[in-house]
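The letters A, B, C, D, E and F name the chains in turn, as written, and every chain counts its residues from 1.
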Amino acid sequence: MDIFTLAANNLLSPIILSFALGVAASLARSDLTIPEAVAKGMSIYLLFAIGFKGGVSVADHGIDLTLGLSLLAGIVLSFALPLIAFALLQVMSGLSRLDAAAVAAHYGSISIVTFVAGTSVLESAGLTYEGYMVAVAAAMEAPAILSALWLVSRGAGGRKMESDLWREILLNGSIVLLVGSFFIGMATGKEGLAEIESFIVAPFKGVLCLFLLDMGLVAGRGLRQGGRVMRPGLLAFGVVMPLIGSVAGLGFGVLLGLSTGGVLLMMVLSASASYIAVPAAMRVALPEAEPSIYLTLSLGVTFPFNLTLGIPLYLAVAQMVTGG
Amino acid sequence: MQMHNAKRIEITIEAIMQKRLTQALENAGVTGYTILPVLGGSGRSGAWSREGQVSRASGMVQVVCIRRPNEVDALLQAAFAVVETHIGVVSVTNCQVLRAERF
Amino acid sequence: MDIFTLAANNLLSPIILSFALGVAASLARSDLTIPEAVAKGMSIYLLFAIGFKGGVSVADHGIDLTLGLSLLAGIVLSFALPLIAFALLQVMSGLSRLDAAAVAAHYGSISIVTFVAGTSVLESAGLTYEGYMVAVAAAMEAPAILSALWLVSRGAGGRKMESDLWREILLNGSIVLLVGSFFIGMATGKEGLAEIESFIVAPFKGVLCLFLLDMGLVAGRGLRQGGRVMRPGLLAFGVVMPLIGSVAGLGFGVLLGLSTGGVLLMMVLSASASYIAVPAAMRVALPEAEPSIYLTLSLGVTFPFNLTLGIPLYLAVAQMVTGG
Amino acid sequence: MQMHNAKRIEITIEAIMQKRLTQALENAGVTGYTILPVLGGSGRSGAWSREGQVSRASGMVQVVCIRRPNEVDALLQAAFAVVETHIGVVSVTNCQVLRAERF
Amino acid sequence: MQMHNAKRIEITIEAIMQKRLTQALENAGVTGYTILPVLGGSGRSGAWSREGQVSRASGMVQVVCIRRPNEVDALLQAAFAVVETHIGVVSVTNCQVLRAERF
Amino acid sequence: MDIFTLAANNLLSPIILSFALGVAASLARSDLTIPEAVAKGMSIYLLFAIGFKGGVSVADHGIDLTLGLSLLAGIVLSFALPLIAFALLQVMSGLSRLDAAAVAAHYGSISIVTFVAGTSVLESAGLTYEGYMVAVAAAMEAPAILSALWLVSRGAGGRKMESDLWREILLNGSIVLLVGSFFIGMATGKEGLAEIESFIVAPFKGVLCLFLLDMGLVAGRGLRQGGRVMRPGLLAFGVVMPLIGSVAGLGFGVLLGLSTGGVLLMMVLSASASYIAVPAAMRVALPEAEPSIYLTLSLGVTFPFNLTLGIPLYLAVAQMVTGG
């Protein structure tokens, strides 16, 4: 399949169209909304399912050195990408140091839904991937926050990390659920999966559609309200930065000798920007940074870009490079 | 019925700061408070709504605390230290309560 | 199958019994309740699934003239039925013009759950139907509201439609979701369905049971509180009007040359009364009309009538007339 | 701490009217408000509850608005125009606020 | 606008007692009240939160009732009879209302 | 399978590990939480599914005398166990009469999730059970409350049951839903089940995992806060009482000639302690009793004990005694 067919196929998947429906409904100011509790329930379901399946796959293939190295690569990427993002923002946008650091943190961390969309594109393409990439995703959530705080403290002020915050970030709900269900999957293996397969595998994509509908609604609302902060430089950053991230992910993926699917996911993780864990951490640690900037950029620009064009592009590149 | 003068302090603050605020209140000797959910709102930092949100980054809550008049200042000091750098609103109202021994 | 067997079968389906359980629990003042967020979540699921499946079926069978004509027929019915309902109410009930117009609006519009119950009776009977009937359902939601406002404005006062309201009605959540998922289904077709089938097809009826349990709880609560407004004339209207509606639907259905299943659904749509979109619109447009009248009538009388006796009756008639 | 006199206006209104109300408030110069969910209630038009409801037709919300005393009248005029034909309750309480520049 | 003096009574009480309280209020002639959800809180009997709870045993609600000043005492008597043996808080605030005929 | 393998298997099931994850997350003070509405939604799903399946199984095997006798046995157990528990508490703990009575009520009543965990262990072991055990579960919910109130009234005070309370307890949401769906299952039988099987059977275990995750979160929070009230005597009671209960259940089960699976479930019901219906009733009827004592004991001690060690132990005993 060439890249255009891939992209077209991807754009016509129920998942992407559900996201588009959400954005459209929101921009048209429809009163369509998904209750907060239902959205949280779906995100719990998705995290549990993706973690569990990752764990089962590791139980199946065994632990090896590459697993450890991949985790390390993820952590390094999460630390390093904010520095690149920060430098880029200084050049491309007129953001203050503080706002730039806050935005940068988001791009070092990851979006688990983008990751899931990546796995579902792999599935459609008939490609497999290393199950522990879920653990890499979890490992990449937090380090970026440290980098951002370091960037801020280097400047004026000298901000030190509140003692509670660090525990809060590492033990935030998504990480705990993802890692916890990963270990449950590892411990129970194929038999465990067989028991709950018709809950966590069969309906997975359908739930993902409704979840993306909700993300579209929220992103659309953000675009409507945050649109005024989106100057051209920032917009461009929201598209350029994931491309840079994906190249970094590609490098590490190839270096580690991951499968084509694994390389794609490494690219996707690096390219994606957080919209749950990092915004919450930023509100606590850098309350003066403007949330509408980082939320609109991450959820309204980079997320849809990755979802629609990014992933097929990364896959084409990954296949070219790995020959897979 | 026998009523006693008290002050009702309402603090609307980001959900993410809730634990820090109640911790600060407890350190300031507050023995009771109630937390109400907030659906949405609007202020200088724009409008927001809870609908569809997964993250706690953009939700708020309202912490309500009834306190004897003479102990309100300590409470406000503690609350202000937390609220200061954050978006949020603090208001104080005179009220009367039953069972004063509780406050 | 004769009509009595049909009715009996229908009455013993888990769907109907779940509704009955809800009504009974509510009348016995049990504290059984379904959280608002869960009820909304289920309704989002049902709308998404029914819209999607309708779209897939249209993608499968192609668009033809009958589709366009059916949409038109639905719109005409939705405009016309309130006029009949209003005249009938003037005769049968002592309602004020205002209350009568508000009630009439409900009967021109439709109840999507009654529609879904109709499709599931068709399935059990092994009958198919035109997939675009979902689009007809969506088209029938709103016109009735205009008719009602016109009825009121003809009388005293001269009420003109607030500019916002019209957009609000056309873009209300249910219509957007139904139409949106219909288009997603059309765009992705059978392959799209295959991806999310185990989410939107397999568990559909089970979710419908729980949703009807909730509707039973709400209807029972309404009956308990609104019972006092239910004078005999109104009660009779709640049963007679759906019969009249179904005959109108039958006429159009046969005229259009729809399949037996399609004719049944046209009858069901015409016979059913709105209990979500129209009540909300009435609260904004005619706040002086008494909500307990229209809600109790629509949800407490007409909905259960259609669900239990109406649908089997309509099916028997449809089969007789179309020879299907 | 330095407190400033203000008025706290609470408007309990049908959910379906929320946007119209906040729009009217904004038009009247209101810069901030908070929306609280309401579970249920009872009044002249009977009792209602949010449980199990799918439609917004029978839910209510509470819009809370803190305002300088001299600007309350304009606010009430605007609110009343929306609430007038609808069920709902409007109350005003004296309160004190920190950070007066925000209101 | 023409305002009328009234009292605003807020009763924070266990969810399980809600019906008994509103029944008692209605028996005492109360014609209207609003029920707000409560997310969590803390008091002499410890901290609690609604999150994840299935049982109604550990949730609370807030019943808000606006009443003419001269009828408040009957209301408080009725409320107190229900709240007395239970955890919960009762406060009364002066307020002003539009449309006094409703209270 | 010997008892150790059973216990080990049980401990490594996704269900138990999900509970453990919840407890761990809560003790580590992670902010992982499941929204109240989602937790309630899952509990409604579980009650509906378990009731329905029980009813279908009764429709399948017919009603016989043992059904009636088993119900009676359940009621007797529910009345009697609180007396034993109360006596034991007088000896083992320093609780006041009031607190002891409140705790005792919980141990006469049942935990439906423990029951469900029992059925799923039976399934894994390839054992069947009498479908009406669900009805026995429902019958055991309430009588224990009466016993507790009698215990209190015998002492100082002379507390009489408020008239409303009794209706409230018998018509509480869980009982109504469980019994109602049981009757729906009985009325619709195998055909009814076939219609909604992919909703109530296939995903059941998966939902149970997430529900237990939530119970773990709530139990962990309870342990963190209620830990201080857990003196050694109380702790011991929380483990000894289920053992005593299980022996009583064993006696009745064998006497009634139940299958091995049926005997196990009778043991599990007797051994389990309520954490939904009874706490709510105690808050109304005995508000002076300290909730943190009975909630922590029931949810924090006895529930995990039964879930992890109790059920495999009871099964081993049941198999030994019945030779099944």
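As a convention for this text, contacts are C-beta pairs under 8 Å (C-beta built on N, C-alpha and C of every residue); 3 or more make two chains touch, one makes a residue touch a chain.
Bear in mind that the values here come from a model prediction, so they are computed numbers and not experimental data.
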| item | value |
| --- | --- |
| Topological distance between subunit A and subunit D, in contact steps | 2 |
| Path length in the contact graph (subunit A to subunit E, fewest steps) | 2 |
| Same-site or different-site touching of subunit D by its copy subunit E, using the half cut | different |
| Inter-centroid spacing, subunit F versus subunit C (mean Cα positions, whole Å) | 41 |
| Centroid distance [mean C-alpha coordinates] between subunit E and subunit B, Å | 19 |
| Multi-partner residues of subunit B (at least 2 other chains) | 36-37, 56, 93-94 |
| Multi-partner residues of subunit C (each touching 2 or more other chains) | 31, 33-38, 40-41, 198, 202-203 |
| Chain pairs in mutual contact under the definition given at the outset | A-B, A-C, A-F, B-D, B-E, C-D, C-F, D-E, E-F |
| Subunit C-touching residues of subunit F, taken from the complex the two chains share | 35-38, 40-41, 44-45, 48, 52, 167-168, 171-173, 176-177, 180-181, 183-184, 187-188, 192, 195-196, 198-200, 202-203 |
| Residues of subunit D that touch subunit C when the two form their complex | 14, 16-17, 20, 45-47, 49-59, 85-87 |
| In the complex, subunit D residues that touch subunit B | 1, 3, 6, 8, 22, 26, 31-37, 61, 66, 93-99, 102 |
| Partner subunit C, residues of subunit A touching it in the complex | 12-14, 17-18, 21, 24-25, 28-38, 41, 198, 202-207, 209-210, 213 |
| Touching residues on subunit B, where the partner in the complex is subunit D | 12, 36-44, 60, 62, 73, 76-77, 80, 83, 89-94 |
